[in-house]
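Labels run A, B, C, D, E and F following the written order; every chain starts at residue 1.
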Amino acid sequence: MSDWLPSLITETPEQGYDLAIKLSRVAVKKTQPDADIRERLREAYENDAGQLIAVSHVVAVHFSTIAKANHYWRDATGDET
Amino acid sequence: MSDWLPSLITETPEQGYDLAIKLSRVAVKKTQPDADIRERLREAYENDAGQLIAVSHVVAVHFSTIAKANHYWRDATGDET
Amino acid sequence: MSDWLPSLITETPEQGYDLAIKLSRVAVKKTQPDADIRERLREAYENDAGQLIAVSHVVAVHFSTIAKANHYWRDATGDET
Amino acid sequence: MSDWLPSLITETPEQGYDLAIKLSRVAVKKTQPDADIRERLREAYENDAGQLIAVSHVVAVHFSTIAKANHYWRDATGDET
Amino acid sequence: MSDWLPSLITETPEQGYDLAIKLSRVAVKKTQPDADIRERLREAYENDAGQLIAVSHVVAVHFSTIAKANHYWRDATGDET
Amino acid sequence: MSDWLPSLITETPEQGYDLAIKLSRVAVKKTQPDADIRERLREAYENDAGQLIAVSHVVAVHFSTIAKANHYWRDATGDET
């Protein structure tokens, strides 16, 4: 598992958010490397509101870091929609 | 699910707060993509004080990020009420 | 529910703290809009030490944001007591 | 309950830490204003390791805010011991 | 219990980490001053993975504060090993 | 256990992430020094989704600190893949 995080810089806030989700998962993967066990655990927490909120909390912390790294994408035009 | 987050910049603190709520929900959606299951979970956590407080915590973290991105809306006049 | 947050700027640290409490409650209100259910939940968590501490945690995160927005009220004289 | 927080500025890190403890308690007090109930809850959480750690977490967040407000007391000499 | 925190400045990151552990414990001590009760609680949480992780979380928050106070020890050479 | 943290500076974001994992573990180690007990606890939390998410949360806080210490590795080219 190498070269999975070349940079915190992303082009858009959405990509930054997706990177935050990725960062939140890697710690789980590195703590429980067995993919089968993780799959079983995933089925459990995907159906548990409290754990989904806990996941969202971890994503929020990483997103804060990534947003800062990208100067909050302040130069993004915002008219890509 | 694309173009859901064009920018962290909002016109008012209230819009920033609403964006924080949105950011807290997207991680749940991306972790549990099944809308029916989410609906069932929502009924559960909406009636659980502990989980509502946990949701509020995630919103607080995102609001912090968004507030910084907007320089705390310091130039807002505050007389819109 | 509009114009509830015209600004993060407050005159004193105490007002900033009260605003932090308000911010922590709005997310609950927006997630569970039914006032009767919230009232029932409130009776429960008001008597649960763990949940009161969790509330205090959310307030701490918002207070951090508000304190920064106000430059920590460093120019406040501190002799209002 | 007024004038309880005239300033975030303290002379020493220790006073800042004590203020952080105070800030963590006020949110509880404002959420559960009944002193008798709080006293009963206090007896419970004082004997619960998990809740003591949760209290310590809230203190840590407030201490971070206060430390920043005081520029980390960098000019303190540190030779008062 | 006085003069226990003369400064947040430490010579090395390791000393900063140790100070973070100390800061996480003092809040517990100040909330539950009875050393015998704390000893009993300690035996419990030392054998509870969830509470050890919670302790580590509090340490992480304090370490963040201390690292900032020390400008992340950026001038440390890193070749002391 | 000395010289385990000579610096917060790392060459790449990945090394920073690994350091964050290390920092999250050391607090556990210093709180529960008995390696046998830790091994037993590890088997438990490795199979508990909630605790894996809690571990990931602690890593997120440390990663935020380390990312700041490294100016978010903004000068990293990102083409090492």
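One rule holds in what follows: a residue touches a chain if its C-beta (ideal position, glycine included) is under 8 Å from a C-beta of that chain, and two chains touch if they have at least 3 such contacts.
Quick caveat: nothing in here was measured; it's all calculated off a predicted structure.
Between the contact lists of chain C and chain D, the overlap is empty.
Where touching is counted per the definition, the chains common to chain B and chain D are C. Averaging C-alpha coordinates per chain and comparing to chain B, the farthest chain turns out to be E.
The two copies, chain A and chain D, are related by a rotation of 180°, based on C-alpha atoms and rounded to the nearest 5.
Of all residue numbers that take part in the contact between chain D and chain E, under half occur on both sides, making this a different-residue interface. Inter-chain spacing, taken between the CA centroids of chain C and chain E, is 27 Å.
Distance from the chain C centre to the chain F centre is 32 Å, each centre being the mean of its Cα atoms. Inter-chain centre distance (chain E to chain F, centres taken as mean C-alpha positions): 16 Å. Each of residues 48, 50, 54-55, 57, 61, 64, 68 in chain A touches at least two other chains. Under the stated contact rule, the graph of chain-to-chain touches is a ring, a single cycle where every chain has exactly two partners. Circular chain order, beginning with chain D and continuing to chain E, reads D, E, F, A, B, C (contacts as defined at the top).
Of all residues in chain F, those touching chain A in their complex are 12-14, 17, 20-21, 46-50, 52-57, 59-61, 63-64, 67-68, 72-74, 76, 78-81.
Contact residues of chain A toward chain F in the complex are 2-9, 23-28, 30-32, 37, 41-42, 44-45, 48, 50-51, 54-55, 57-58, 61-62, 64-65, 68-69.
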